[in-house]
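For reference, the structure is listed below as structure tokens.
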Amino acid sequence: MSTHGYASNRLDVARLEALIDDRFPQIHSGGRIFTVEEIGERSARVRMRHHERMLRPGGTVSGSTMFSLADFSVYVAIIATLGEAGIDAVTTNLNINFLAKPEARDMVASVSLIRLGRRLAVGEARLYSDGAPDMVAHAIASYALPTPGR
Amino acid sequence: MSTHGYASNRLDVARLEALIDDRFPQIHSGGRIFTVEEIGERSARVRMRHHERMLRPGGTVSGSTMFSLADFSVYVAIIATLGEAGIDAVTTNLNINFLAKPEARDMVASVSLIRLGRRLAVGEARLYSDGAPDMVAHAIASYALPTPGR
Amino acid sequence: MSTHGYASNRLDVARLEALIDDRFPQIHSGGRIFTVEEIGERSARVRMRHHERMLRPGGTVSGSTMFSLADFSVYVAIIATLGEAGIDAVTTNLNINFLAKPEARDMVASVSLIRLGRRLAVGEARLYSDGAPDMVAHAIASYALPTPGR
Amino acid sequence: MSTHGYASNRLDVARLEALIDDRFPQIHSGGRIFTVEEIGERSARVRMRHHERMLRPGGTVSGSTMFSLADFSVYVAIIATLGEAGIDAVTTNLNINFLAKPEARDMVASVSLIRLGRRLAVGEARLYSDGAPDMVAHAIASYALPTPGR
């Protein structure tokens, strides 16, 4: 598939983070825990800094924290691909499987968009404890895309 | 179906909340926002108090906050049904659909368990903005149940 | 919510089945196993006739057969609500939980649409073995709706 | 991860297909459309032969046919990994996203198991039209594993 249509929209990491800070500051309420590490055509890698408020008994990361990471990292991949037009994308569905107990450290999400239609994007997020090989959670998220000109 | 097998495990709301406070205090880290309003055989209703930290642009409730409410309320229904044995149940999968923009007020989750096997429970959570008729989110959550005697 | 907008689109069961036969005859390839029993505003009930080709070991109904029933019955509820405009709706996601072993007889699906937006409909299907009280499968299906005038 | 624990259970493709034919012949009722092309530790690739009965309007493959392929190919990966012990695994949940219109030809599913616990396995299936680069459907399936000695 030609990627020409997206070329002029592409952002680098610094501009993408500035855009999100400007338009969507709530994502960082309670402290800045997400860092965008890498973005590409239909892909993103996001780090979630370990913080005590996200803990569960036994020192693991809570399910809702992993949900947040998965949801946010798919959103980043959409903006990375569509540019500023993606900022109004809205999650319509998220399916998450918890696979293994995460460790009490940073988590990293690796996302690829497996569908990017005119109206709907679907992204797959793979979550790992930083530096560990086994996936701790897997999520598929669908986003409704804003309609141009509305 | 006979419910005799569960009768001796049943808790009232006060004892259930005390049990969760004792065994799972992290659920209330950052402030006590969940209140168990009603429990029954395979069912529960949980209120989430509105709080600014859960907000999204436009004053709506964030997706991860709704995830937390759905996940927690299914967990409450499991403990309501199995008693203390349910406290070690662990979420394995959660699928959530976001249906409408929630309002900036309390949310209420109504749960029923649609499967309660020996090893796996599945609960359905319907989320509403307090007092409003339309469902704002719908979730299905699967929990692995602790194996007796292990 | 006012239902005036849909009033002129509403079909009765006979016209709905004729419409599907005309526009989507493949659904009955291999034999007519689905019967629409009832339709309403955002709801439908569909019966799947028992047939040997859908069996699994032990005489139960196969997962893909239950998928078909869930998917088709949500589609019926969309057409029941939107009228002929719904015929081009396309499934984008289906999440199904298998709850109990179905019996070797007819299955009945009861559907309600929990979201009916401009571009996306979400329906919930509850599947039962005919005459038995316990749900054997539960599905949530999302459909992309055709855009008027395109 | 050491794979020693599974080593003695491993099957080659011919023995795996013979085992399924013997224990689960219904999978081929209506004609043999599935061929196991490759199996490995926690992985499988399965081809679904194109056949007119699986068609939808416009010549594409039906959703329930893709469901069957996804479900079966995860099942194959479980048996490939666990050996004969896996034959009694039962699907508990399947979430499928339809990403693009499939073409009217063979489909190939590529599976990897992302969780293989004592009681639960989770597999991810990627479905392609034979020879085409874009994924047409993506599924995550959970299977309850048989308990040894019960």
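So that you can tell them apart, the chains are marked A, B, C and D in the order they are listed, and the count of residues begins at 1 in each.
Definition applied: a contact is a pair of C-beta atoms (placed from the backbone, for glycine too) under 8 Å apart; a residue touches a chain by one contact, two chains touch by 3 or more.
In this text, all values refer to a predicted model and were calculated from it rather than measured experimentally.
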{"item": "Label of the chain whose CA centroid is most distant from the centroid of subunit D", "value": "B"}
{"item": "Interface with more contacting C-beta pairs, comparing C-D to A-C", "value": "C-D"}
{"item": "Cα-centroid distance, subunit A relative to subunit C, in whole angstrom", "value": "33"}
{"item": "Separation of subunit A from subunit D, taking each centre as the mean of its C-alpha atoms, in whole Å", "value": "29"}
{"item": "Cα-centroid distance, subunit C relative to subunit D, in whole angstrom", "value": "25"}
{"item": "Touching two or more other chains - residue numbers and ranges from subunit D", "value": "92-93, 95, 97, 142"}
{"item": "Touching residues on subunit A, where the partner in the complex is subunit B", "value": "23-24, 26, 29-30, 53, 55-57, 62-65, 67-68, 71, 90-98"}
{"item": "Footprint of subunit B on subunit C - complex, ascending", "value": "1, 95, 97, 99-100, 114-115, 122, 124, 134-135, 138, 140, 142"}
{"item": "Touching residues (chain side subunit C, partner subunit A) in the complex", "value": "92-93, 95, 119-120, 142, 144"}
